[in-house]
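Listed below are the structures to be examined.
In the two complexes that follow, chain A is the common piece, with chain B as its partner first and chain C second.
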Partner chain A sequence: MAQAVAAPPASRPVVTRRLTPSRIIVLGIIAGGVLVYPKLGSGVAADRFTLAVIYAIVGLSVNILMGYAGQISLGHQAFVGVGAFSAAYLTTKGGLPIVLSVPLAALIGGLIAALLGLVALRIQGLYLALITLAYGAVAERTIFGIRELTGGGGGMPALRPEFFTSDASYSYVCLAVLALLVFVDWRMLRSKFGRALLALKSNENVAASFGMNLVFYKVGAFVMAGIVAGLAGGLLAFREQHVVSADFTFTLALTFVIMTVIGGLGNRTGVILGSAFTAYLPFILNKISDWTGSSRVIVLRIAITAILLLLTLTKTPGGIGQQIHPLTEWLSGKPFPRHNKGHGRKRKVKTEAA
Partner chain B sequence: MSLLEVREVTKRFGGITANADVTLDVGEWEIVGLIGPNGAGKTTLFNCITGVYPINSGRVGFRGRDITTMKTHERAGLGIGRSFQNLGLVRGTTVLQNLITAQHMTTEYSVLEGVLGVPATFTAERELVKRADRILEFTNLTGFRNDVIDDLSYGVLKNIELAAVLATDPQLILLDEPSSGLSPTESDELGNVLLRLREEIGVTILMIEHHVPLVVRVCDYVYVLNFGNLLTEGPPHEIQKHPEVIAAYLGGAAASDSDDEESPDSDDEESPDSDDEELPALPPGYVPFRAGPRAAPTPKLKKKTSTSKKKGAR
Partner chain C sequence: MLTYVIIGLVSGAIYGLAALGLVIIYKGSRIFNFAQGEFGTMAMYVMFVLVELKGVPYFAALPAGLITGIVLGLLTERFVARPLAGAQKVIGLVGTAGVALLLIGLTLVFADPKPRSVNSPLVGVGPTIAGYTISRQQIFAIVVLIAVAASSAFFFKKTFLGMAILANSQDSSAVRIVGASVNRISAITWGIAGFLGALTGVVLAPDVAFYPGYMTTVVLIPAFTAGIVGGMTSLVGAFVAGQIIGLVEAMGYYLVKQFPDALQTIPEAPAFLVFVVLVLTLLIRPKGLFGSEA
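Here is the complex of A and B:
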C-alpha cells in the first residue's frame, strides 16, 4: 500500500557539465583542423572541402524533414537545383551580388518546398515518397529545361565575386554558412518549432492535443528544409561556377537521403559527418584507383554506400551519430559513457525505489 | 451551465454507427465516468469531442461555445486536454522534454524567434523547464525526469502522460483508461491523484474507465455506452446495480441473477479478487458533486502554483 503510483527512484547522481582542459584541447584540434585545412592543401583540396560542406548543409536540410518531422523527400535534388539556378540566374542575368542572390535562392527553395508541404498534408508515407520522387523528376524535365532561366543543356554560369575567387576563400564562406545553420538547427530543435516537429513525427493526434497546428508545422518543416536546401544550391552554384541541369538527377536525391540515413536521422553531428563522407567518397576512391592503377575502384562507390546503408539499417539505426555518441557526449562536457550498450542515452542501471 | 455539452452526437464509419445520438454533460469541477464494454464507442466519442473525427450530426459545446467545427489544436487551446489509450507522449525523448513539448501553447515566443535563437527565448525555455519540474514534483515523478520515454514501463508512462496533459494547462481533461496497466493498489493511488487534481488545480475530468472500483470511488456521475448508444446514466452507485449495465458487461444471461452481481467487481475479466472488495476511504471532507447540491465547489479554489503561473498566457 505504501507504494505510490510511480514510486520515484532514489536520488540520481547529478550530471555536471565541465569543460576540462583535455576537452578544450580536443575541441580546439577539431576546430583548428577544419579551419586550417582549406589553406593547407592545394586549391583542389579546398574545392573538395567546399563540396563536403555544401553536402553537409543539404544533409541538415534532409534531416529536418526526415529526422525531425518524419516526412520523406526523394525530390531533394529539385530544391537544391532550384536554389542553384536561382542564384546563378539572379547573379548572371539579374546582376545581383552574391550576398543577395544566395539568400533569395534560399527563399525560392522554401517556396518550392512549401508546395510539396501542402501535398504532404494530404498524403503520407509511401505515397508521399512517390509524389516527392515525381516532383523531382518533373522539375528536372520542366523547370530545369527552360532555356531562359537555366541556359538549357549548356547551363548557366555563376561567377564568384572578387573576394572569393580562390577556392580556399570560398570554402570559408560555405563553412560560415554551415556554422550559422548548425546554430539555427540547434535552436530549432531546442525550441517550439523543433519540439512540434518531433511530436508530429511521433503521433499527429498527440501533437494536435498539445495544441500544435498540424498544417502550420508540416508545411513549416518543408519550408525550412527548402530554405536550407536552396541555400546549399546557391552555394553549390558558385562552387561549380557553372550550373548544368544534368547535375540534378534522381541519383543525387537518393544520395542525399542515403547520406543522411548513414549519418543518423535526427543527429546533427552524425548527419554532417555522413554527408561530408559521402561527398569525399568519390575523391577517396579516385586516389585509390590512381595508386592501384585500376579504374574499376570507382564502381565500388555504390557498393560501399549500399553496405553502409545496410549496416546502418540493421545494426546501428542511429548511424554515425550513434557510433560517435560517446565522443560527442564527452566533448559536450559530460563524463565519458563507458560500458554502454546500444544507444548511449539509455540508462545503465535502473534504480528502483524500495 | 455545463462545461462540456455533447448533444446528439452521431459518428458513422461507413455502415457502422460508432456513436448514435449521444448526449452528455460534464459540469465544472465534476469527475464524470464513461463506461461501456469494448467497442461501445467510448474512444470514438473522445475523438469527436477533441475534433480528431468530424462528426456526422450533433453538436459539441465547451463553456457555452459551439466547438463542433473547430480543429483539434484549437480545442486544445480552449483548455481541452486528453490522454490516449496508446500513450500521448513523444517517443525517443526524455520525460522532461515531453513535459516541455506539452507546454507548447504557453510557450510565449514565436516560431521564428525560437529558430533564430533570440536571447529572450533562452529565458523562456528556462521557465518551461522550471514549470515542467514543478509538474513533475506535483505528480511525484521527479525521479523519472531524465529518462527516455522508450525505457519506461507502461504503468509509469500512464502517469507521465497525465503529467503531460497537466502541462498543457487544461480546464477539462479527457482520460482514456487511465488505470490500464496499473495494479489495483496503483489505481487506488491514481484515484487519489485525480481527486487531488480537482481540489488543487481545479480541473474537470471526463474519463473512460474499466476499473469499476475506481469509477465508483471518484466519479460523481457515470454515463454508460453500449454499441454506440447511451445505455443509461446516473450516480455510480445506481449504475453499479443497473441490470442493463450488468447485462451489457456480462452478457444477457447475467441480467437474471443480477442480485448476486452487485459488488463492484462486475468489471471485465481482469479484476481478480471478488465480492467483498473494500473500497479505500474517500478523502475527508469530500462531497460527491451530483449527489449533493451542485452549487459552489467545496474544495479550496486556490490553484497550485505549478499551473497557475502561466494561466495568463491564454
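Here is the complex of A and C:
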C-alpha cells in the first residue's frame, strides 16, 4: 500500500486528436449514408428507418435510468405509451398542431415519471423493478383501456400534418430530434447533473455522504427519462398514425431494456446501434424468410434477442459499445487502439513494430 | 360470495406455490427470478407432449415434467446466475428475464401458439361447497401447496443443506471458509426453484388452456405480489400471501359482477386490485407481513 502511495501516478499519455482525411471520409460516408438512406427506395424503407430512430430515442431514455443512474425500469412501454396517447389525443381531440402536441407529450411523460420517481425514493434496488413493472402493467391493461382517453381497444388516430405526410420527410424529423437528444445527452453527462447520476450508480451511500441530494438526482433521472420517452412516444404516434393500446405490452418493455443492454449500458453510440438493430431485426428476419420461403424464421426473433442478451451479460457486459470501441475511438480522433482493454483474451502489446 | 372465496383460495394455492419458488431464490441469492414462471410453462408443454401426443397417463408423465423444471433451474444457475453472481443485482434480474424470454422464444419455435390443455384423471366433478363445484384437480393443487410449504419449512429450519443455503445468502465467503461449496449450494437452490416452478405448472396444466409464455403472463405478477406481501424471505409468508392475493383477485371478479356499470370504465379490475395491493405493500410495509428485512 505504502509503495502505491509513494509512486506518483504515471502521467496520462497526451493524446493528440487529429481529424485526418481518412477519418473525415469515413465519418462523411456514415453521415451521408444515414441522411440519404430514407430517400432511397420506397417509403417502406423510410418507415423502417423512422422506427429505428424512434427506438434509438427510447434507448437513450432507458440508458439515462439504467446506464447512468443505475435504476431499472420494466415499465418503459408505459412511458412511451403515455407520450403516444397524449400526442394523439392532443392533436386529434384537442386540435393542436404536431409541433405543440409532441413537446407537450414529452412534458406529460416527464410529469408521470416524476410521480413514479417520488415513489421510487421509498424503494430500493430490485423492489423498484417491481413498482415499474406494476406501473407498466396497470397502464397497459387499465389506463390505456379507458375509452374516453385512448379510444379503448380501437385506438386513437394521429394523422401527420401536410408538410410531413411522406415517410421520408417524417424520418428526417425524427432524425433531427435524435440528433438534438444525442447532443443534450452528451452535454448532460458532462455536467454536474450527469456526474451526480454516475455517482448515484456507483454508490448511493458514498454519494450522499459527499452531500449529494439523492432525492433531487433520483427524481431528476426519472424526469429526464420520462421526457425523452414521452418524446419518443409522440413521434411514434405520428409514425403509426394510429395508436393502439395493444402495442404497449410488457414484452415491449422487456425489448426496450434488452436493446439498451445489448447496445451497452452507459454507452451512447452502442445504445443507439443496439436499439436500431432491435428495430430492424423483424424486418431482417422477414427478408430471410422471403428468401428461404420458410415462415418459421420470423418466430426466431424472441429467441435471438434473448440469446444476444444472455451472451452480452455473461461475455461482453459492455455490449455493442464495447465491441466497436476501437472504431469509435479512432473516429473521435484518437489513434486506433492496439489492444482492447478487458475485451476477450488480453493480447500482449507488441513493443515497436506492430 | 362464498363461491368467490373458494375460487380465490384455489387460485391462491397456485400463486403461493409459484411464490415459494421466488422466495427460495431470493433467500438463496437475493435476486428476483423472472424465469420462475417459464419453468412452469416448459413443464406444461412437456406434459402436453407426453400426455396428449404420446398417450402417457398424467401421473406417469408427472416426473418428466418435474425433471424438466429441475434441469432448467440447474442450467439457469450454471449459465446465467453463476456468471452474474458478482454483478449488480439489477443485471442478475435482467439475466433471469432473458432466460424467461429465451424459453418463451423456444416454445414459439417448437410449439404452435394455439391454446393447449392436458388431460388428467382428476379433472371433473368433485365435492360441491356452497353451490360451487371444486374439481379434484383443484383439491390436488391445494394439497400439494400445503405439503410443499410444510416440507420446505422443515428443510430450511432443520436440515444442514437448508441452513447452508440460508447461510450462503447472508455471507457466501464465510460459507466458503467453513468448507461448504458455494457453487453446489447455489445449484441446489436453483434446482429446487426449478422443481417448484415445474410443480406449479404441472398441477395447473389440466385446469387451464395454456399458450407460450402462459405462466409468465398470468401467474408471475400475482406470484411476485404474493412474495412481496409475504415478505420475500418467508416461506410461511409466501403461503399465506398467495391465499390473500387469490382472495383479492376473486373479490375483484365479485365486484365486477356486482357492479358491472361502475367498473366497466376500469378494464381488468381484478388484476388492477392485485397491483394496488403490491404498490401499497411496497409503500407502506416493504418488508411484507412476515419479512425479516426490507
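Note that the second predicted complex is superposed on the first by the 332 of 354 C-alpha atoms of A that agree within 3 Å, B and C clash if a C-alpha of one lies under 4 Å from a C-alpha of the other, contacts with A are read in each partner's own complex, and residues count from 1 in each chain.
Please note the rule applied: a contact is a pair of C-beta atoms (placed from the backbone, for glycine too) under 8 Å apart; a residue touches a chain by one contact, two chains touch by 3 or more.
It should be emphasised that the depicted structure is a prediction, and the values quoted were computed from it without experimental measurement.
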{"item": "Chain B versus chain C as contact partner of A:P282, first or second or both or neither", "value": "neither"}
{"item": "Contacts of A:R195 with chain B and chain C, given as first, second, both or neither", "value": "first"}
{"item": "Partner chain in contact with A:G33 - chain B first, chain C second, else both or neither", "value": "neither"}
{"item": "Chain B versus chain C as contact partner of A:G333, first or second or both or neither", "value": "neither"}
{"item": "Contacts of A:G220 with chain B and chain C, given as first, second, both or neither", "value": "first"}
{"item": "Which superposed partner A:L126 touches (first chain B, second chain C, both, neither)", "value": "second"}
{"item": "Partner chain(s) touched by A:F210 [first = chain B, second = chain C, both, neither]", "value": "first"}
{"item": "Residues of chain A contacting chain B in one complex and chain C in the other", "value": "none"}
{"item": "Of chain C, residues touching chain A in the complex", "value": "31-32, 79-80, 83-84, 87-91, 93-95, 97-99, 101-102, 104-106, 108-109, 217, 221, 224, 228, 265-269, 271-272, 275, 278-279, 282-283, 286, 294"}
{"item": "Touch list for chain A against partner chain B, complex", "value": "1, 3-10, 12, 183-184, 186-188, 190-196, 198-199, 202-203, 205-206, 208-214, 220, 224, 266, 345-347, 353"}
{"item": "Residues on chain A engaged by chain C in the complex (per definition of touch)", "value": "66, 70-72, 74, 119, 122-127, 129-131, 133-134, 137-138, 141-142, 145-147, 250, 254, 257-258, 261, 296, 299-307, 309-310, 313-314, 317"}
{"item": "For the chain B and chain A complex, residues of the former touching the latter", "value": "50-52, 71-73, 76-77, 81-82, 84, 88-93, 97, 100-102, 104-105, 107, 109-111, 114-117, 121, 125, 139-148, 151, 155-156, 159-160, 164, 168, 182, 185-186, 189-190, 193"}
